Structure formats: structure tokens, C-alpha cells
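Below are two complexes that have chain A in common, paired first with chain B and then with chain C.
And now, the complex of A and B:
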């Protein structure tokens, strides 16, 4: 009796904790959904219950967002920048992480940590010198400035993360592949990369979301509305002076964040694996 | 089928010398065993032959061609790692087919060869499984099948049986030997298990601390150990060594038997044997004790076969004798064998 009561108590506690966490994570989405579809009058009247629709829902905010702003262009820009950043990150981080994990024995470790440290230098320090660079190369008001600058933080982070993945792949296996007739590069492409696929997916998702939510550089380099990404387009175009257009703002946030949330949920296990592998070693 | 020649090979890892000036030639088609304690450089030596590791100095010659600095893929060598190193993301079929695919063999030929190799090791029914769905013994067979499928000229095996349980190991040993005979491929086999070495090897290379101590057939190694290291490393229990001035006299435990009428002649030496401990092992008894004077008493072991049933009790002294021709003499300072017996 004792044990089964204890068991019930323990599972109960677990579920209670999980429920709190689930509510905590889902609440912003609930808030965005409700604000997207609420009439302005309902949204701004202080006597109304903020958690419910007090008046019938409306599509006005969504309409304004999609047809009266450049939101769809922002989405497209974000997507283009994200994809280009992912491609550049993969091209550089994969070979870098592989060689750091495999070749330089003691040094690889220290170099890896050094590379990770560069990730910690805040953009707030870097954006002024980098904007001078962007100007010197004539890249202001161009998505290229973002495409070239975002890898400065995605590459260090992703390299460090991937090193952890590569270290978990036994050397024996690629040495076997070399004995079985491949060059080192061939062994990496045909044997090591397929085994590191979860790590590679992790950095794809990561590079994409990092570039998607980046704010300072985008704000500094881009001011033409049609070139903005979602992360600056929504707050700059939908906050006029001190007037917050909460409905369209929330609609924009909802549309941009839902796909990311879905992808994260889908890859969650691999994500966690990626993190603990990198961290615990 | 090929000849592998190692010319003065050394390998240093920082300050440690893993392999120290090794000279070795294989004979075509032979089964050569590298035997030595853990950490003596066996794996390193094998990896240098395979080309995964480059020697710090010295040369590797395969079939008359110097391959010291050539990558593994140019050497037509197959290797089975201690961990088997199966490709976890591929089925058994793809694992075995891998060395053929990298060489651009065409599909129908691949299927035929893979099935033949799998049949040889009795794993034809496992071809669609992934390595994680196999037992240890099955994995080992897959690794062997993958190694032979492309008909290598040299076959390198790094303790391939050490992950198997004792019963499986005995049968795998027999199979391995039979199939090596059938293929006639020059094989270099690494082990730290002397029973495996004695049972499998045409010749044995005994190594310690990166150096080769002796190369010879199992009887040569056992009966004429080149030095005290080989004498005490090979054989269980090891050779007894007793001090006689500047010389160490050595004899195998099974040659040290109770004295009787047959041993009272010129050909034998008799010692009073103070028994301290006795082990009954079924087919034989191991008798531990000391011989000689108090000052330089030496601990020795006698191995009595089951058919010698005389009662022996710890704490008592018995006359034991050893044939003079079974005694080997080693230089005490260098440990080298003095009389080679091949006079």
C-alpha cells in the first residue's frame, strides 16, 4: 500500500511539474492567438477579461498585417537570409568541427573552446565596427550584409556543437572506411557525416533560428522597408511612435514563430542529444 | 598473398616509444601472431602495416614495394578491429559490400561475392539486419566477412576474439584457422592471450615494451625462449627460474616431477622441494613451494598430471627431479638464453 501510494504521489508530482511547464511554454502562443483575433476595442478596454474573447473575434489585424505592410516580404527575406546563413554555416562548420575533433589532439580542444568564446562577444560591441565594414563593401541596405555577418556567430556556436557529435563517432569506423578503400575525405563524407546526421540537423535548425531572431545587426544595416526581416520589420513597422498595434504585432509574431515551434518540437530529442553531447562530452 | 617486411620500424607518441626498432618479415601465406602484454605496441605495429599510422622511422615494404607513406587504400590490406568497427548505419549486406563498392565493382558481382562471403561464415540469413541487432559472435563474423570479401593480399586481425565468451572463442579460433588455411592469405594476428597464440600461430612474435623479443614457431618459443621475458610470459604457470651464480636456470613446471628410481641417474637433477601450497585442477595438480638453501631459496611450481597420484601435503618436503636436458640457462645480467639448443 505504502509503495503504491508513494508511486501515485511521485507520478502526480511529475505530472504537476510537467503541466506547469507546459502551461508556461504554451501561454505566449495562447496570448498571441487571442491578441491576433481580438477586436481593438476588446483588447484595450481595461474592464474586459484579458484571457477571453469578450466581443466576437475578427480578422482585421491579420488583414492589415498581410496586405497593408510588407510582412510577406519580411517572411521571404528572413527565409532567404536564414537559408543562405545555414548553407554558409554548414560549409564552414562541418569541416572545421571534424578536423578539430579528430586531428589536433590537445590543441583541438582548446581551439574549440576559443572558437566558442568568440560566440560570446556580444553584437552590441561589434555592430559599429561591422557597420563600417558593411559600408566599405557597399553592403548597406542589402540582405548580403546579414548573410555575411550572421555566420560570425552561427559558425562558432555550430562548430563547437558539432565537435561534440564528431567525438562520439568512434575513430575505428572511419579508419575502417579508409582501409576499405576510401580517402580521409571520402571516409568523412560517406561514413562520418551520415553518422553525424542528427548533429547536422541540429545545427541547421540552430543556424536558422539564430539568424531569424537576430535584431541588432538587422536594425543597423537595413532601413528600407522592403529589405527588412521579420525580427525588425514587425517591431519597426507596427510600432508607430508610442502606438503599439498589438493585434498585427501579435499576428506577425504568431506566424513567424509557429513553424519554428513545430520544427523544435519535431527535432526536440535530437536537440537535447546535441546539447548534452557537446556539454558532457 | 604477399610478403610484408618491416625494416627498423619505430613509432613514438610524444615521449612514449610505442614500437622500438622492429624488424620482421612475414612468410607468404603464413599465420603470424603478435603476442605481448597489454600496451606493448602490438596494435600500433598492426596499424602501421595497415597504413593508419605512419612510422616515426623505418620502412614498410609489401611485395617489394615501399609503402611507408602510402595511404591505407593503396595497400590492399584488410583489417578487423578489436571493436569490429561495423558501419552502424548500414545493413549487414551493405557492410560486407562496402569495400567492393569503394572499388567500383559492379552490382551483380557484389551480390554474388557478398553472398559467398556471408555463406562462408554462416550469416547468410542476417544480411538485412543492422549491426546493433546482432550478437557479439555475429558481429565478429560480419567483420571477418567484410575483410575477406575483396580477397586482400594481407589480413590483419586485432584481438578479434576478445569480445567473445570462452566457449564461442574456442570454436571461433578453430574456424578462423581453418578458413585462413583455405584462403592461404598472409595473416597477422594480434593477441595478448598466449593460448590463442600457441594454438593459432605458424609463427609467434613475442613483444614487450615496443621491442620484439623472439620470433619462432610455437614449440621454439615454448621450449627455447630467447630470454627470461619470453620464458616467463609464455606458459601458464610460467617457467621456473632459479638462481645459480651468474646464471638463471629455467625449467617448465611440467618437467619438475617427484623423484623416483627412473630419475636416479646422470640425466637428472634432484632437489628437496618444500611444498607450501597445492591446487587441484581436475586434470592436473599445481604444487607450489621452494627449493634450495634458505639464503637463495627460489619459489618454483610443479605441474603434476592426473596420472601421478602420490599424496602431497603442504608443509612437507619431497624429493623432486628435473631432466638436465629440460633445463635452460639464461645470463643473469642480460636475461638472454645462453645455450641455444640448436647446436
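And now, the complex of A and C:
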């Protein structure tokens, strides 16, 4: 039995340890909040305490970000690209994953592994040849280049993830449906897909966030300000020459990163299930 | 053939073999056109003298590889790519282990701690890195401010020197440490959640039996927890390696490879050569140096996955 003093000590140690980690992880976001609402004069006085508001907070940076830059356009572009990528990913990955989960033997299994391996061919190798693709089809400076290219990382990953979901649905359910008179295809569409809805929702979230996080392709293909997505717009457009507009910059980073974080947190465990590939049951 | 009442029907909707092929085809085609073909093109470019001005493929053999190997910036990039990936991921595995063990306990406010430590992974990487850029600012860095307040910096005879700032991104060693820090910050959440999954998969009765036998906490860790979670630790480590090895965003946003190319990595050097410099051929050649390592990691991932499936 643990004495109560020992218990208090243990709890204290646990909280101390967790606080260190929480501060390390969350501090950059706190730093963004502070800069977003701090007056420039306060922000750029080296002797002021940088962690607090030494002068009253201001909304100037937010106003500048929202009305004097293309920030809202970046958000809209990010949203459009994300939704289109989600649609393409669903159309291609759902049937592929089902096919691999149900019928893969021999060549099929190799194919499944092959699709997963393509996830490991990084954008850092592909962006040079793909920039020639974009040039050849006249897609430079167009959101379409991103919409067509982002599935190169969403399809392999989402196919792999969904395959795992489909494998957990017992075959008996489809066989029963076929005995009841549904066709093979009908059994998949009307019986299996509704059961896999949580898996499908998961890949919607991931295809969207992976597109939102993407940096290299967007940086390579888009240089017109009004066509940028938020992940390249904020770091490239709010720096004029050597002048970093830290207030608006931090405001942009904060607004673009936090709402998605909330949604994402709910789906994190499933994302991990895809990574660990059944190494944990 | 299935055994339902429609077994005799030959409608496409009932032919599993045909359906399997039709449903997998779009994925295979897309991957072949958008990943397979560009990958081959990258190899061809690396053997050519193509530039953005004249992108025609004129094969000149291995000259690009000889040129880039002779380039000291390339050698720095190659070394940095390995150093950043290995150092950051070793730290990530150790730290995520500690964090995951702490998160296994029941305590109040767990959801908040979990949300906070997951933030770095959920925010777009370029925007998280921008936050760090402001924290490593040459004048307004809060880290320098604290160091000054506790007397380690900015006073005559102070441990870190009499100057007011450390210039995190201006000094080669500190710049490298900064890049590693951001990588650790970014990938710690992913590794932690993977390790949590590993820890919660250990059968409770095994640990309880060890306790009955009088095993110490250290022995339990060394003889039960670590061996049982080894496969999943390897997965976390290998994926972390892939992400940091190929990442361009952190270095690009934080240092642009500077000061004087001291933090350049293969991916940023590919970008500066191939896209900003317009030398498609040499850029492609630089990027291909990542491939053997990635292929090696991929084989290891599959071996780990296969071994655990057998068990």
C-alpha cells in the first residue's frame, strides 16, 4: 500500500513532467496568440517582458491580416483544394481498398504492398518532374495542379488505411446479403459501405488535413499571391523583403492551425491505426 | 463462385474477379501516371542536361552525379540530412516513451494535456515552423530573454557570453540545433500516440504476474515492456525517419539552408538547384540520393510488419 505522502509526491512528479511536455508543445501557439494581439511598440521593445501584454492589446494585426492581405483568399483556396482532393481520393481509394481487402491473394497482396510503398516516394523526389507536367499542361499558377497532384500522397495512404477497415467487417454479412438477393456489387454498396462509414469519415479528415499541410508542391507551382494556399501564403506573403510583419504573420498562423487541430484530435487514434498496420491489435 | 440464388447469373455485378480488377484499376493507373512515371522521369533528368530554359531530354550520362559529389554544399546537405533525421528521431523515441508512460496514468485534465501535446502534429508544418522562427528571432527571442533574466547571457562574465543575444539561426551549431528542435517538436506527438498504442496492448496480467514475482519497475521495463513494444517502437522510429529525412519545410522556413549552407539538406538543396536555380538535371540527381535510404527504410518497415503478423 502506498502512503498518502508517497502518493502526493508521485502525483506531483507526474504533473511536473507533463507540464514540461505541454509547455514545450504548446508554447509556440501561446507565442502566436501573444504576438497576434500585441501592439508593435510593445512587441519590438527588447526590455519588455515578452510573455505578457505590457500595453493594452490591439486588433490591428488581425485587421491588417483580414483586410489588407489575401489571407481570406488563401483560406478559400485551401478549402477548395482540400475538398476536391477529398473527392478524388474517395472515388479512387474506396473501390481500390475494398478490392484489395476482399479479393487480394497473390498478385493482389503484392499490389497492396506496392501501393503502400508509393507513399514512401517523397514529394522531394517528385516535384521536379511534376513541375514539368504542370508546365506541359499549362497548369502552373493554377489550383488544378495541386488538385491533381495532392492525391499522390492521399491515395496510397487512404487506400492502406481503408483496407484495414474493410478487413474488420466480416464476410458473412455480405454473403448473407447476397443470399437475400443482392448482387456482389450491391452487397458492397448497400451493406459494407454503410458499415465502413467511420473509416470513410477518417480518410475524409486526413485527405483534407494532408492537403492543407502540404508545402513543397504549392511552393513550386504557385507564385501568384491570389492563388496561394494558407500553408505557403502566410510564410511567403507576410514577409516584405526582409521585413517580417510578425503580428499579422502570427495571427495568420494561429487562425489557420487551431480549428483543424480540434477536429483532428478526434481522429488521431485511427490515423495511428493506419501507421501501425496491425502491429497492435 | 458464390452460392447464392444468383450464382448462375453472369452479370458484371456478380463477377468478383472482374469487379476486383475494375475497382483497383483507377488507383493503379493514377499511381503509375502520377508517381511511377515522374519517378522514372526524375531518373532520366538526372542523366541529362535539362534546365527550365531547355527542358529537352538530352542524355549525358553520369556527369551530374560527378559534379554534385564534388560540390561541398551537396556533401554538407547529405551529412545534415542524416544528422537531422537520426538525432531528432533518437530524441523523439526517448521523449515519446517518457511522455507515453506518463499519459498511461489516470489523472485529472488528461484531455487537456493530450490536446496540447498533439497540437504540433495537427498544425500545418510551415505555420508551426513560423512560430518557431519568431521564437528564434535574433533580437526578440524569448529564450534569450529568459537567459538574460537568469544571468546566463548579456552580462560581463556571463556563462553564455556578454552579448545580448545568441543569434540562434545565425550560428551554424545553434542553427542545426534549432532545426533538430523543430523536428522533435513536430514528431513527438505522432511517436507518443504510437507508443501509447503499444503500451496499452501489453496484457495487464503479465505485468501483474511480474509484480507478484517481485520484479522491480526497471526489470519490468527491460524484460516486458520494451521487448513487447519493440516492433511498434521501430515503426514509430522508421516513420519518423522518413518524415524528417524527406522534409523540406522546416529548413526552408527556418534558415533557407543558412548560415552559408550550413543547415542545407537534400530536399532544400534540390529545391534551390532544380527550381530556383533552374537546373532540373542536377536538382533531380540531388533528390535521387534520398531514394536508397528510403528503400532501405521501407524494407525494414515491411519486415517489422510481417514479423508481428506472424506472432
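Observations on the structure shown:
Keep this in mind: the second predicted complex is superposed on the first by the 232 of 281 C-alpha atoms of A that agree within 3 Å, B and C clash if a C-alpha of one lies under 4 Å from a C-alpha of the other, contacts with A are read in each partner's own complex, and residues count from 1 in each chain.
As a working rule, a residue touches a chain if its C-beta (ideal position, glycine included) is under 8 Å from a C-beta of that chain, and two chains touch if they have at least 3 such contacts.
Since this is a predicted model, take the numbers as computed values, not measurements.
By the touch criterion defined above, A:253 reaches chain C but does not reach chain B. By the document's definition of touching, neither partner reaches A:210: not chain B, not chain C. Ranked by how many residues of chain A each touches, chain B and chain C are led by C.
Within the superposed three-chain model, A:179 lies in touch with chain B and with chain C [touch as defined at top]. In the superposition on chain A, A:170 makes contact with chain B only, not with chain C.
Looking at the shared chain after the overlay, A:101 reaches neither chain B nor chain C.
Once the two complexes are laid over each other on the shared chain, residue contacts for A:152 go to chain C alone; chain B is not touched.
Annotation: chain A residues 175, 178-179, 181, 183-184, 186 touch chain B in one complex and chain C in the other. Taken together, the chain A residues at the contact with chain C in this complex read 11, 14-15, 17-18, 21-22, 24-29, 31-32, 35, 43-44, 46, 49-51, 91-93, 95-96, 98-100, 102-104, 108, 111, 113, 115, 117-118, 120-133, 135, 148-149, 151-152, 155-156, 159, 175, 178-179, 181, 183-186, 209, 212-213, 215-216, 219-220, 230-232, 234-235, 244, 246, 249-250, 252-253, 256-258, 260-261, 264-265, 268-269, 272-273, 275-281. Here chain C touches chain A in the complex through residues 2-6, 9, 11-17, 19-24, 26-28, 30-31, 34-39, 41-42, 45, 55, 95, 98-99, 102-103, 105, 107, 113-135, 139-140, 142, 145, 164, 185, 188-190, 193-194, 197-198, 201, 231-232, 235, 239, 242, 246, 248-249, 252-253, 266-267, 270-271, 274-275, 280, 283-284, 287-288, 290-291, 294, 297-298, 302, 304-305, 308-309, going by the rule given at the top. On the chain B side of its complex with chain A, the touching residues are 47, 50-52, 71-73, 77-79, 81, 83, 85-89, 98-99, 102-103, 146. Per the touch definition, chain A reaches chain B in the complex via residues 170, 172-173, 175-184, 186, 191, 194-195.
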